[in-house]
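Next up: the structures, one after another.
One chain, chain A, appears in both complexes that follow, with chain B as partner in the first and chain C in the second.
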Partner chain A sequence: MAHRKKVLLKVIILGDSGVGKTSLMNQYVNQKFSNQYKATIGADFLTKEITIDEKLVTMQIWDTAGQERFQSLGVAFYRGADACVLVYDITNPISFEKLDSWRDEFLAQAGPRDPENFPFIVLGNKVDQENERRVPTQKIELWCKAKNAQQPMSFFETSAKEATGVEEAFQTIAKIALQKGQDDDIFVPAATIDLSGAATKSSGGCC
Partner chain B sequence: MEDGTLLSRLLRSASAVSLPVHSLSLASSKSTPALASMDVPLPALPCLKQGQLLIEVDGVQGQWEAYDVALVGNDITNLSLVYGKNDQNLKPRLIRLHSASIDLMEEIFSIITKEKTWYLCAQSQKEAEEWADAICTALESAAINSSTLINDTQRRRLSSHVTASTVKEIQTRDIFTRLDEFLEIYVRSDLHDIHRQATRGALSWSCLRNLMWRVWLGILPGTTTFDQWVPITTSSRELYTNYQQQYRFILPSSLDEDDIHYCSCPSPTNTTALLHSIYRDVIRTRCSMPYFREPHIQTMMIRILYIYAQVHPRFGYHQGMGELLAVFVYLLYIEQYPRDEQGSPRDGRWSFEAVPVDASWDDQSYVHVDKMDAPKISTYLDKQRFLSSVPFVINESTPTTSCKEAVIDILSTVTSGEFIEHDAFFLFEKLMERMDGFFSTANESTIGLHVQLEHVQFGLLSQLDPEVALHFNTMNLLPEVYLVKWVRLLFAREFPMYQVWVLWDAIFSVSSDNLSFVHYLCVAMLHEMRDEILLQDDASGIIECMKKANVSFTKIVDKAREMHERILIDEAIAMSQSIHKSGPV
Partner chain C sequence: MADLWINVVKKVNFIDQDERSKVLQLTEPLHDTSLRWSIPEPVAKIHRQVYHQIAEPLHAYSSLIERDVTRTFCIFEPPTPVNYTEREPELFRVLNAVARAEDGYCQGMNFIAAVFLEAGLPEEDAYSTFVYLLHHKYMSQFYKDSSIFLNEYLKQFQARVHELLPELAARLESCGFEVYLYGIEWFTTLFSCSSKIDLTHAVIDLILANVTDVMFRVGIALLKNCEEQLMSMNFDDLLRDFKVITKQVDTYQIICDALTIPPHPGASSYGGILQMTAKQTLPQWWPFVKRCTVSVEWDKAIEFGSVAKICFLWEAWQRTTSKWPLDRRNIANTVIANEALCLAIWYGSIAVGVFALEMGAQVNDPDEWGLRPLHFAVVRNQPDFVRLLWRSGADVNLRGGNSSVIVPQWYMKSPVELVKVWTLSNVEAAEMILSGNVCLDCNTPFHLFNNILKRQCSKCKCFLCPQRCYSAHKCRRNSPTHLIDYMWLYGVPPMAHNVLTDDEGDEDDCSTILSKQRCFSTWYCSIVDCHAKFSLFSKRQQCSICTYYVCRDHLHTKRVQGHDCGVCSCCNAN
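Now for the complex of A and B:
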């Protein structure tokens, strides 16, 4: 453990098409919002360097296509993920109901060692459209408790458009993932960022 | 200049464009006071438009400065934007507009020249449009002026000089120009030559590219005689009309109706979910183009994709399909046959025989433009012979009036703007036939996509640019990460629409069966960015620089063609060597 130079956190954003995954990522990493995002084809990622508890952490945030699921993208996208951000749209109840299947599918595909305690966070996006809200805050609260009674999942209501809650949400997921990572002792010794997840795996990590 | 020559018709069509052509009539006015005070050494150049604009300083993003700007010039060699400040110490600077293209994004417009891209910002969107229009009009007129010198006995061939202004101009082409082009491409040329020219961007000048695409995609195969073009087209339109009746739908107005069981891989039987998925993507498709923000266009796109998914349940709907469809829809829209004629070709007011074959067009383009002497051939091509012949047989005979009328009949039916939806459906359907492995999530086909992606990075790239391939391997960059979008959308996201047309010309003409030329375009794209890619020391850096890369579409087509030929030659050599070895001793 002599050269723990850089900590890499691989974070995957999942959720239905059009809930604002790309917008959230761009707001967090680039502080930008556009009304003209296009449907994500395949996947995309951005990285952001942050400091948590005096540690330099590189967050590699993966934005996925809402319609895609995993099958056509290959293992590269989800293997070695350290955390997962589930997104729904507060004006679209179906996107909320789909959270279960996104979570289940992620766990099935990524196969983390300790699925019960895998770091998830839930974001209810588009709070700037409060008057069109169709998913009451209470509902998501209950959902988070139902998933894990001892340690409910954290949730945030966000607006990628107005930057509401975005920074806090990603900070939180980074902290949770880092904590979990320390518990599990996952560190990536290489200075380069490994997109296959192979290095994370081979360095004695989570799998 | 004789009235009725192609040139005069081009001039007419140029002036018919709804652009501020009057600005050109200022040609004799003097330099403006503001510029005069800047002591601009441009004594002879007329000023076409002037005003204040913000310009991005030295290309630094977000760093704008206000300048006095003037559009000056009178021919293609000197047409420029001059910008400066009311300050004696600062010399005004010049943006040469020769072969520039203009892109408009709300109040910002960019001028893309071979050397660099300039970003300019006007007070309002309207003002930016006025600037863009003025520049496009000036470029167009300058191009026409520069071609006045060309000998009348030469025949126009296609040119690849495409700009946003060309797209506007294409819309206004009259029936004679269309007739000329049809005869040139489908009657006087051979298919091999058209293929060769198309991969060099030559269809950029075309206003009938959609016909060539129908030929390549097998809707109007090259083996079909001309008399079949109208029947084939009308019967497929009838088929689509039946689909429309069979698969009627009502787009639900809200998203939370109780009966929706939303699923992210909508099956054609789950129509509400399917419609929502399509709807969500269509409203995000090409939304920087006003055309695609029109509700009736969006509804049309939804209908086509919905019907397609119903008719082809195995393919269904996948994200990205709309992006491909949009390319067809816009092409058919731009190239539609003019709706209201000043005179119908039949009423005798327009005598075809008075139309000589004709002048030439801009020869400044990056690819060659053939100028051919029009041979004096005394034979005639009559209607019967024309209709019973197949395209691309190099028939140089002079078409008779009735033959020309037959061509007009074909054009007015096949390229009619009334059936954009029908025709786009079939172009899209034919494209999808060739993209089986690109979209389907069935297991084998998914493997198909992965095989393609690996073929690009580990096969072609290793062979054609080993250094970049090795760098990707070292950085552990997998092809799925960056290639899915390029391959699936055939680069539709990476370039403006009219440039995508040129890329698709090359893809269809070289690989109409399986679109495999797109793999070479991917490698060419990487090759064009290689210097920046090799500087990056991690995979995310590489992805970043791919996003920022400003690659010229003409360069990647040229490079891909070169690479494709190289591979073909290598294969031929390898094959002949193996024949040698295994041959009789």
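Now for the complex of A and C:
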């Protein structure tokens, strides 16, 4: 993977309705925040090109609807994802409790080859409302450890409003996803896996 | 908007003349210019009143709605003349009411409600029009918990795109750009998030004008209009630009194209593909489903048969309507009494049913589907209610089902016909009465001999035994409601004439427990198991303690205060 080849990462953002998924995506991609985002129906998409370890990476970010009843249609969105961002709202404990079901649902529907080590990252959004916090940091730490003791998921506390932690969080998930792709290259016979697989798959007949 | 339709009628070469006349109606100037849309009167009449009953009280979905209310009006592009923050409480109330009536809330609804409000509809009309689309145009299926319907609908859409735009379909498929990526948003928001707002307006116009398969055809026309651009794009471009491109298409062009696209050949002319798909997901009993037209508090009170609570709620409702003009207040009171009656029938709360009638519920009033209280009494197998309604002047031969609103199907029957063909649940008890197998008054079964001698009232068509009941029968048909002696119908409330006014302090507890478990009836055994079997066709016995009526099998002899008394199984056990 040393040669400069266009790499595409498909990143899915999941989490309860109103936790700030759309705001996070827009803050990361456009460095803008607005109170005026409409509720997402189905899914929205943005792409951002970044350089990681001298590699040009296109991040294709999929912002999904938080309404649970759209979950069962998620297959179309989750398929071929390289990484998944789970978002909760630190002022809303229910959105934290629902992380489990979002994670399980994603793994069930996306069906990644190696679910144990699939790149997840957890974001506790809205830290600008610190005085209304109702999910303590220790809780999320424990949760991340409980999911995978050897390699706990990374988590960030972010504020889409004040751009706190957003850049780092997305950089991290991109790195983890890339790393994971390379690991797969090593351990799986080369003929069956190609990091840019997602790109060739999804861009289909165009190239 | 009439201009758009005038141009459309001039331009489009309609396949179907019937459809042309429907669109032609849209070119006529509106009767009431303040109302952008109007819906059939039976639905509007009920729901305009119901709105004031359910818009304010909070329920399980209110917090979800609150979250979306602030993220809705932003779909209307600037310049925005109105300050939308001020309109958010309106949107909340409308959605709160819709969620109550639907018993559920799903994102997407918020945008449609906002479109109605933004177009200038008053709150109650925004609510009624939305409910009309949900109930009578099958849109409610889009928002159900399981996405089975939505999924099926999208698949059908994809198949139709393949048929009509094969090249584009093949192209999108090879890119992996599936219908889910745009279709969910299109159909659950009536295109309001994905196109110019006047397209949504036109779509609503067409749906309300009963044009078939509007959403499908508009969707395909939308794709057709962008086909050239979309063909040259790869997956990344599509992800980035698809929504931008579809938003720019000219409304007039889409509508003209949509009307030249034939409706789905396999779908019925009535509800089109929506109705066809909904058949698979609608509840089996539909439209005999529990009505959610009163607040949760009312619902609970009716379920428990608490007349005292209903009395209290009714008074509160009176205060709400007291400032309204008299004629409007009368309509509102009748509508709410009717809804309470319907729900009382659903739960079998006879006492609340009587109360509703006293408050002015009309026994022959149709609901939004044209179904009447007796229809519900039949499918819920409520013999008490069949009797109560029949004796209060309900017409057992009146057909239900309003053909302008629902498809003529097997439920377009009179109660007498319905009880014979209903197969989804046991309606034996209701049938006994409606078919005239027992005397309506004294409950005597008509066996061989009696059956020949039984008499039928010429006005209300009820069957009575030839002896006492027929001569005593005072027909209530056509008589004003307030003249009916309801006490006779449902008996004196049990505790009011307790013959044994003993001084034990637990009397109150006893009565509350009893009223929850048992139905007080003068016609047959009030013991729950027995009641359900409708077994008391013989002489009734009264319990000396609780004064409920029971059959001989459930009467026991007990020594109370030095006397041998007949007591029911319930009191005997205590």
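Just so it is clear, the second predicted complex is superposed on the first by the 173 of 207 C-alpha atoms of A that agree within 3 Å, B and C clash if a C-alpha of one lies under 4 Å from a C-alpha of the other, contacts with A are read in each partner's own complex, and residues count from 1 in each chain.
Simple rule for what comes next: a residue touches a chain if its C-beta (ideal position, glycine included) is under 8 Å from a C-beta of that chain, and two chains touch if they have at least 3 such contacts.
Just so it is clear, the structure is predicted and the values come from calculations on it, not from any experiment.
In the superposition on chain A, A:A65 makes contact with both chain B and chain C. Of the two partner chains placed by the overlay, chain B and chain C both lie in contact with A:A39. In the superposition on chain A, A:T137 contacts neither chain B nor chain C.
Once the two complexes are overlaid on the shared chain, A:K98 sits against chain B while remaining clear of chain C. In the superposed pair of complexes, A:Q179 makes contact with neither chain B nor chain C.
Look at A:Q31: by the touch rule set out above, it reaches neither chain B nor chain C. Of the two partner chains placed by the overlay, neither chain B nor chain C lies in contact with A:Q151. On chain A, the surface patch touched by chain B in one complex and by chain C in the other comprises residues 17-18, 36-47, 60, 65-67, 69, 71-73, 76-77.
Put simply, chain C touches chain A in their complex at residues 64, 67-68, 70-72, 74-75, 106-108, 110-111, 143-147, 150-151, 154, 171, 174-176, 178, 180-185, 188-189, 193, 233-236, 239-240, 243. Chain B contributes residues 255-256, 260, 262, 264-265, 277, 280-281, 284-285, 287-288, 318-320, 322-323, 441, 443, 446, 449-450, 475-478, 480-481, 483-485, 488-489, 493, 537-540, 543 to its touches with chain A in the complex.
Taken together, the chain A residues at the contact with chain B in this complex read 16-18, 36-47, 60, 65-69, 71-74, 76-77, 91-95, 97-98, 134, 192-196, 198-199.
Only residues 17-18, 35-47, 58, 60, 65-67, 69-73, 76-77, 201-207 of chain A touch chain C when the two sit together in their complex.
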